[in-house]
Structures are given as C-alpha cells and as structure tokens.
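One chain, chain A, appears in both complexes that follow, with chain B as partner in the first and chain C in the second.
Let's look at the complex of A and B:
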C-alpha cells in the first residue's frame, strides 16, 4: 500500500502563522488572569466593598508587587489579544500590502506604548503625597 | 398554493443598479425553487437569466441566495421555506453579470491556485495498475470529495465578501481532498500556498460555509484540519 504522504509537509512559519498562534496562546494565558481578576473583584472582595472605599482598595492592591505584576500581565495580554483581533478585522478591508504593513506596525506600537505606560504606572506606583 | 416570487434582477445594458421583480404564482408545495424560476422564464419573462444544468443537486450550477441563504435552487422545495414570499438573489461576493448569473472566474481562479489534482512524481507502480490505498486511508478525505464547486460556501463567507483575495472555503476543501490523500505528494506545496496571507488564516470560523453547503460537507472542520497540518506538519 502506498503511503507517500509521510513526506515533510511543514511550511515555514510566517507572520500569519505567528499571529494566529499568538491569538491562541494569549487566550490561554488570559483564562487564569481574567478569571482570577473576576473572582477576586466580584466574589472574594465584592463590588460593593470596593465601592465603599475604592481608593483604599487600590492602595491595598498596589501595596503588593505580586498584584501589580498580575495587573500588568492582564493589561498586556488582554490588550495584545484585542489588538491582534482588530488587526485581523482591519485586514478584511485594507487590501494594499503597504497599507497592511503600516497597519501592522502602527497597531504594534499602539499596543507597546499603551502597555508600557500602563505597566510603568502599575509597577512603579505613585509617589505618596507628604 | 399562492406565493409571491421575488427575484433580484439586473440587466447590465439597461439597469444602473439591481431591482426586484415579483410575480404571484400558483405552485405546489413540492415544487422546487428551480421549477418556479422555469415557470417565470417559460410563461412570464423569457429574459430571466439563471444557470442550471442537471437540476438534481449534482452539477452545482444553480447556487443562489434563497430567502437570504445560499442554497441550490434544485434542492429547495417550496414547503421547506415555510413562507408565502420567496425571494431569490444572486450569490454575494461575486460580480453579477445578469440577474442570477455571477462571474465565477475569481472563484475558479482561487480553486486552481491550490493545485486541485493528484501530484505524484514517482513512476507508476510496477504492475501498471492503480496506486492502492486502504479503506481507512480513503476515509480520511472522504467528506471533502463530495464538493460540487457550487460556490455556496465561499460566497456565504464574510471574510470572502470583504476580501476577494482570500481563497475561500471551497478552495480549501478541495486542497484538503488532496492534502490528506495518501497517494498524493503535493501536500507540502498546497500547505505552503494556504499558509500565505490569502490562505486558511483568513478563516474566522463563522460556520456560514458549513451551513450553506448543499452536500453537508463539514467545511469548517476541514479548514481546521488544514490549519493543524500547517502548524504541526503532520497529516494524521
């Protein structure tokens, strides 16, 4: 019986493959991050408790570097997931290769700047008022 | 029973844009939509243009939008539509040439781009007979052999509507048919083509194609199998 299809079939990975994989990997990482966030905010602490003293709650969160890093990761992965989705949708209506390249790099820098600003704010924290 | 039969008409030499014509018809619940089109063309308006050939759901000529869904006019009965108004429009995403006839060239160009034929570079088997495969090997791609190239799937895909460069579900189905054929040696080349920007990654698993297929091919699953083959390099 011929079984000729066992030849190597791996096409080289390209930008599209990486972007597709990234969408899946970031989604997997988002599952514990988002659920952890929801359970903490809505179940463990509760929105009413947060509402009574929102600044105190934020100060409590920022007191721990662990939570700061957690929030920075949540921001980075959720935003990357969303921006990559936006890139996919935009490619449906933007057909010129040059315009697509501009879109890809533009969205990448958009993600990078927002994530960096957010991460700096979250991890570096705020200067305490005297 | 009486029904109102509406058809989106377009005459390239007379009309600036498409318009609906409608007829009140006396029909049987067991009539097919194709019968209604024939009734209109035969008795009311001989200029109505549509494609048809076998009229038995095999040739794939008469795919069109019937009450908003892509179907074969020869396979849909009036009673299946459960409505006193039947609206027929040409397929979306392809240029309308006249009435229900669309330009299928881009569709077949995409089909040809995935090399939908057996590629085998080694010489024929010694006894000169066919290249054999087991029933299990044949079963692997059985579903995608059923495609009749009617374009109902490709023209139901929102990604294809907005980007005609996307090869579309039908081309991927026909690539799948050969990629997973144990006798074929062109899988790597086809996967390389489908890994391009216009290939399988444009699919966003909307499932419109699976719903539109008159042959009940599990198209979204076939596309997912091609994606997996690209990522893993395995054809299991």
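Let's look at the complex of A and C:
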C-alpha cells in the first residue's frame, strides 16, 4: 500500500492539457501574489482603515505604477485561474460535447468581460468627483 | 440534471477519507474565493465607473456580517493555496506521492499549515471588527 505503481502517460498536446498545466504553474505565482494581497489589505491595513476616504486610498495606492502592475498581475492570473477552475468543476456535471462547447464559450466571454471591466478601471484610475 | 444528482451523490458518499475531504474543501474554497473575486473586480472597477457607489460598497464591507465573511474568505484562500501547492508539487515533481498513505498524511499537514496561517489572521480581523463595530479594546 505504500507504493503506487505509476503509469507513464503521454497526454495529447491539446487545449485541455495546456489548461491542466496552467492551473499548476499559475498556482506557484498566485501564492505570493494573492497571499501578499490579502495579508496586506485584509489583515494589516483592514477594511476599516480605508473607510474614511476609500477613493483617496485607492488613488494613493494606484499612484504607484508598482502597485498597478501588481494588481494587473492579480487580475490576469487569479481570475483566469478561477474561471478555468469553475470550468473544471462544471465539466463534472456537463458531459455532452455541445453543452461543453457552450460552457467553454460562455465562460470565455464571462472571463473576457469581467477582465476588461477590471482593466478599464486599472488603466483609467480613480475618477475625480465634481 | 440526473448527471448533477449522480455527481453530487458521488461527492457525498464516496469514502475517500482525507483525499476526498481535501478534494471537496479545495473545490468549495476555490468556488467561494472565485465568487468573491468576481464581485471584488467589479466593486474595484467602481472607482472609475461609479465612484459614489464604491464608497457605499466599502461601507457595506465594514459591517460585521461581511467581516465574518471576510474571515472565512481568508481561510479559503489559505487552504486553497496550501492544498494547491501540494497538488501542483505532487503532479509536477513527485507523482509517486499520489498514494493513499502519503495523501492522508499530506492532507493533515496541509490543514495544519492552513490553520497556523489562518488563526492569527482571524484573531486580528475579529479584533478589528470588535474595535470598529462594537467599540471594544478602546475603539
């Protein structure tokens, strides 16, 4: 029972294999990115500390291009990882090729729209209120 | 929809012990984190799209209910991260570790590491809620 006989397999070089690898490679990058983000924002700073002037807080943070790049990496890697994870979970219950095609395209557009919404704000920055 | 029922019954009744629990918790935490991530991208985009609404959202996030949700979210992020590292490391570098004894021991270790990371953070966040929402500890 202590040993598993490993069976060498040669997975085809298709989209699903790339997605499988992507989930694992992105995990290594997401550990420092996401943990850094939540430890800083949720624990060290905390949502109450930014409450007096939330827009000012974001504007100050995004005044640094370093933080904007950090947030862009979070947006790019974390959300793609999440949507592909959702796709994997959904494929446990969606088996028909046509339904999977609809699922894949639906989630692709969902990913695209939300990513673009985030990217617009990240590039444009905080809107000055009159 | 029978496929959904079959899958859910399988999730609930398969007696895989630690390996199965890790699988279920990984998915639950991943889906929970993904749900909040989607909301969070949109709420952050409000700083440009509707700045006044952004202030409302941050006020909502400061409520006790959302504070408790945030503490659960942090657990999800830590567990999903530690367990994800375990999966990625085994799959990519140590496939021979996918045996029942190693899966059980490594799952228990994963949970311990997650709790070590989470408990101090949770205590600190709970303290913040008590200070700001209940006026305790000199708030």
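Note that the second predicted complex is superposed on the first by the 103 of 130 C-alpha atoms of A that agree within 3 Å, B and C clash if a C-alpha of one lies under 4 Å from a C-alpha of the other, contacts with A are read in each partner's own complex, and residues count from 1 in each chain.
Here is the rule we use: contacts are C-beta pairs under 8 Å (C-beta built on N, C-alpha and C of every residue); 3 or more make two chains touch, one makes a residue touch a chain.
None of these values were measured; they are calculated from a predicted model.
In the superposition on chain A, A:31 makes contact with chain C only, not with chain B.
Within the superposed three-chain model, A:91 lies in touch with chain B and out of touch with chain C [touch as defined at top]. Using the contact criterion defined above for the overlaid structures, shared-chain residue A:75 touches chain C, although it does not reach chain B. In the superposed model, more residues of chain A are touched by C than by the other of chain B and chain C. Within the superposed three-chain model, A:47 lies in touch with chain C and out of touch with chain B [touch as defined at top].
Within the superposed three-chain model, A:19 lies in touch with chain B and out of touch with chain C [touch as defined at top].
Touch criterion met: A:114 reaches chain C, while chain B stays clear of it.
In the superposition on chain A, A:11 contacts chain B only, with no contact to chain C. When the two complexes are superposed on chain A, the residues of chain A that touch both chain B and chain C are 1-4, 6, 92-93, 95.
Across the complex, chain A meets chain C through its residues 1-4, 6, 23-25, 27-28, 30-31, 34-35, 38-39, 42-43, 46-48, 50-51, 54-55, 58-59, 75, 78-79, 82-83, 85-86, 89, 92-95, 114-115, 117-118, 120-121, 124-127, 129. Looking at the complex, you find that chain B touches chain A at residues 120, 122, 125, 131-134, 137, 158-159, 162-163, 165, 179-185, 187-188, 191-192, 195-197, 199, 201-202, 204, 227, 229-231, 233-235.
By the touch criterion given at the top, residues 1-12, 14-17, 19-21, 88, 91-93, 95 of chain A touch chain B in their complex. Against chain A, the residues of chain C that register as touching in their complex are 3-4, 7, 27, 30-31, 33-34, 37-38, 41-42, 44-49, 51-52, 54-55, 58-59, 61-62, 66-67, 70, 73-74, 77-78, 81, 84-85, 87-88, 91-92, 95-96, 98-101, 121, 124-125, 128, 131-132.
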